[in-house]
Amino acid sequence: MPRIMRPDDANVAGNVHGGTILKMIEEAGAIISTRHCNSQNGERCVAALARVERTDFLSPMCIGEVAHVSAEITYTSRHSVEVQVHVMSENILTGTKKLTNKATLWYVPLSLKNVDKVLEVPPVVYSRQEQEEEGRKRYEAQKLERMETKWRNGDIVQPILNPEPNTVSYSQSSLIHLVGPSDCTLHGFVHGGVTMKLMDEVAGIVAARHCKTNIVTASVDAINFHDKIRKGCVITISGRMTFTSNKSMEIEVLVDADPVVDNLQKRYRAASAFFTYVSLSQEGKPLPVPQLVPETEDEKKRFEDGKGRYLQVKAKRQAQVEPQP
Amino acid sequence: MPRIMRPDDANVAGNVHGGTILKMIEEAGAIISTRHCNSQNGERCVAALARVERTDFLSPMCIGEVAHVSAEITYTSRHSVEVQVHVMSENILTGTKKLTNKATLWYVPLSLKNVDKVLEVPPVVYSRQEQEEEGRKRYEAQKLERMETKWRNGDIVQPILNPEPNTVSYSQSSLIHLVGPSDCTLHGFVHGGVTMKLMDEVAGIVAARHCKTNIVTASVDAINFHDKIRKGCVITISGRMTFTSNKSMEIEVLVDADPVVDNLQKRYRAASAFFTYVSLSQEGKPLPVPQLVPETEDEKKRFEDGKGRYLQVKAKRQAQVEPQP
Amino acid sequence: MPRIMRPDDANVAGNVHGGTILKMIEEAGAIISTRHCNSQNGERCVAALARVERTDFLSPMCIGEVAHVSAEITYTSRHSVEVQVHVMSENILTGTKKLTNKATLWYVPLSLKNVDKVLEVPPVVYSRQEQEEEGRKRYEAQKLERMETKWRNGDIVQPILNPEPNTVSYSQSSLIHLVGPSDCTLHGFVHGGVTMKLMDEVAGIVAARHCKTNIVTASVDAINFHDKIRKGCVITISGRMTFTSNKSMEIEVLVDADPVVDNLQKRYRAASAFFTYVSLSQEGKPLPVPQLVPETEDEKKRFEDGKGRYLQVKAKRQAQVEPQP
C-alpha cells in the first residue's frame, strides 16, 4: 500500500503529521477486517474501529517519501478482530527504508442492515498454537482497560455553562484551523477563498445549532480582509448569532490569526463578516426560525445593530422592486 | 470555468455550501487580477484579496450540477483592481441554467520579492466612458466603509482571560468539524482514521502553542472509540496539556459528537486519548520544552496522572533494553 | 496499493470517475520508475510522465470497493522507462475481484538539480529474452506516434453563442485550474495524474451535456505530455466532442498551460488526448447516444478522423476475439 507523502500531509518543517499516518493505518485495518468478517456466507457487515493500542512513532517520515502500510489479522474473539499494522517509510531516491510505526487495532463487525447489531467474527487460523493464547491475553487486557477508561472521561475542556436554547451562548461556535500548503498561494499566504469557506462553515454550524433544521446561506455582508494570513498560522474562526427576523438569522463571524511558531508576533484580527442564513423545509421552502434571546447588554446592542442592517437591506430590495414612475 | 458539484461540496440535503461557491468566486478573481497586474513588464506580483462586497445567493445549487464562474475586471485604481464575478448553475441533464451569484471583489497586487510591498496596477481599458466614473464611486464608497469597519471589530467571541504562558488555559484548543460524506463509510458513520487525524491536529496545535517550535507526534496512548459518530453530526475535538517532562509534552484530546439536526439525541463523548509530542530543532534533535504550570486542583491531579503514565512507559522501555539474565 | 473508493471519487450514480483511476495508475507508475532510476549511484532524479498508451476501462468500479494497483517495469530505453500497471477492483463484502484496467506508461528521469536535463536510465533485467525485443518494438512504435501528434495540436476551443443541441458547440466545455502546491511534485511541476484527472473531468462534462444521462469513461487514447507544467501556471482544459457511434462518444481534450506571472513565456500546449465515453441506463446497460451533428469543415474532418479511430479499434478487438486458425 505505497503512497507518496505530499506537502499537505506534513508540517512546515516537512515532517509528516502523525494524524496522516494514523489515518493510513486505520484505512488498512478497516479493509482487512471488513474482508475477513465477510469471508463466510452470512449477513454482510462493515468493521468499525473500537480501539487502537498505544502507538509509538519510531522515526519521522518526510514529504516525498513513500509510505508502505501492511496489515495482518493476529487474533479474533467472538465479536472482535485484532489487526497489526506496520508502516515503513521509503526514500525512493536513496532506497533507504525505515520502520515508522507498529500499531494494533481492534474492530467490531456491524451488520449492514442494522448498524447497531454486532455480528460474529469467523475464527482466524493461527500458524503457531501459542498465538491464540497470546491474543486472548491481549484481548482480556484491553477489555479491562476499556472498562476503566469509561469512567475516567467525565469532564470537558471548555466550560459549558449549560446555556438555554435560543440564547447567543447556546449556538456560538469556534473552529481552529492549521494553515496547510493547499490553503496557500505560492507565496505563502492563505487564499481569501479558503478563509471565506471556513467562515461560511462556522456560520452554518451556528445556524444549525440554533434552529436544528436544514439551513442555507442567503447572503454575506461585505467582508474586509484586514491583514494577510501566513503559512504556519493557526486561525480561529468564531461565530455568534446576532439577530433573527421571522425567517432569517444573522451570524457574525470573526477570523483571528495566531502565528504559533513566531513568538514575537501577536494574534490579530484578519477578517470579519455577517452571514445571513435561512432554514428550509424538505420541499425547499423557508421556515420560521426560533427567535434569538439576547441576554447581556452587548448582545442586545448587537441585536439592534443587526435589526438595522436587516431593515436597510429590506428597504433597498423593496425600492428595486417598486415600479418606476 | 465549469466545475461539477460533489457530495463534499454540499450539506446533507444536497444544497451546495455557500462557502464552496465563495471559494470558486475568489479563485476566479485571483486568476484574472493576477494576470492583469502582470500584463505589463515590471515587477512580478500576485493579487491578494482585500474585500468582497455584499453577496446574495439568488438560487440554490445542488450536487451534480455544473457551476460556471466568469470574471471580468470592471475598475482599476492606482493600487487596486475591482473584479465582478458571475456564477451560473447548470443542470446538465435538463439543460436548465440559473444565475446563482453576482459578486464584486477588490484585489491588491503584492510584489513577489517582498509581499509587504503593494505595486501599481496597469489601467484597464473601458468600453464605455461612464464606466470609469461609476467605478471610481464604488471605489470611494468601499474605501470609506473599510475604514469604518476597522473600528467596529474590537471584541472576541470566546472570553479569553489573558492566561499566562505555560498554563493549561494558554494552549488549550478546540476544533469543530461538520461531518461530510468523504469522512464516512457507506453506512453513514465516520471512519476511525478521520477522527484520529483530527485528534492529532488538535494535539499538534496545543503543543505548538505551548512551545512555539516545530513539533512532532512521538506516541499515542490507547484510543477507545466509545460510540459511533453518524453523518450530519458536528464533532468538537478539544485538547489540553496535562503533563510535561524535560523533553516531551502530554496532551489529552476529547472528542464529543453533537447531533445538531436531531433534537432528541444529546451530545456524547465519542473518543478520548493522550498524545505525546516532542519539540525538534532545525537539525531534528529533541529540544527541552517549557514546563507546564498546572493551576487548578484538577490540573494538578491530571499532571500527577500524566507523570504516572510517563514513568510507567519509561520503566517499560528500560526493561526492554536491559539484558535478560 | 489498496484504496477504498469514497463518495468524492464517483459520479452521482456511484461509478468511480475514470480520472480517479488514471490518477492512481500514474502515482504507482511514478513511484516505481523514480525508484528504478535512482537504483544506481549517480545523480538523483525524479521520473516525469511522458506518455500513457491507450487504456480501456474493462469494468466499472463503485463506491465502497477497494482498488488494488500493481506496477511493473517492462522495458527501459536509454532515456525512458516503460511501466505496466494493473488495477483490480475488490468488493470486500462479497470477495469478488475484477480486472478494471491495464495501462502502459512511459517515464523520463529528470535531474533534481536541473529539471530540464534528462538522465540515463539503468537497464532493467528481463526474465525472458524476448521481452527486450518486444519492448523495443513498443518503444519505437510510441516514438513514431509521438512525433506525429506534435503537429496535430494547433487549434483551440472557442465559445459559440446559442448553439443547437447535438452540435459540437453545444457540449464543448473548458475548465481553468490554478496550479497549487498540492498538485505538484517536490520539484515544482504538476503530477501527470493530476492533469489526467482534470482531463477526464472535462470530457465527462462534455459527454453529460451531449447525452444528458449517466455516463462513464470507456477508454482513453494515448496521451502525450509534450511539456512539463510548472508551479504557478494556470491550466486551461478544453473538451469538444469529435465523433459518435451508436453507443459511444469520442471527446478530444486539450491542455494548455499559461504562465500568468511570467510575461515572457507564451501559453503552450502541454497535453492532449481522446476520451471515449458511454451512456449507461440505471441498470448499468449501455444506451444509444444522440448522434453528433458536425457543422463546420473542421468539425466534419474531425468526425471522419474519429470514425477512422473507432473502426480501427473495433477491427483490432474483433481480431483478438476471432478463433486462432
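The chains carry the letters A, B and C, assigned in the order they are written, with residues numbered from 1 in each.
Criterion: a residue touches a chain if its C-beta (ideal position, glycine included) is under 8 Å from a C-beta of that chain, and two chains touch if they have at least 3 such contacts.
All of these numbers come straight from a predicted model, not from anything done at the bench.
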item: Subunit A onto subunit B, rotation angle from CA fit, given as a multiple of 5 degrees; value: 180
item: Copy pair subunit A, subunit C: interface residue numbering same or different (half cut); value: same
item: Identity of the chain that, by mean CA position, is farthest from subunit A; value: C
item: Chain pair with the most C-beta contacts; value: A-B
item: Approximate Å spacing (C-alpha centroids) for the pair subunit A, subunit C; value: 34
item: Chain centre separation (subunit A, subunit B; CA means) in Å; value: 10
item: Residue list for subunit B, restricted to those that touch at least two other chains; value: 27, 30, 46, 112, 185-186
item: Residues of subunit B defined as touching subunit A within the complex; value: 11-13, 15, 17-20, 22-27, 30, 46, 48-57, 60, 105, 110, 112, 115, 142, 145-146, 149-150, 152-153, 155-158, 172-178, 185-189, 191-194, 196-202, 204-205, 208-209, 212-226, 228, 234, 238-240, 254, 256, 258, 260-263, 269, 272-273, 275, 280, 282, 284, 298
item: Residues of subunit C defined as touching subunit B within the complex; value: 6-8, 12, 63-64, 173-176, 178, 201, 204-205, 208-209, 212-213, 234, 260-263
item: Residue ranges of subunit C touching subunit A (in the complex, touch as defined); value: 1-4, 27-28, 30-31, 34-35, 38-39, 44-45, 66, 90, 92-95, 112, 180-182, 186, 231-232
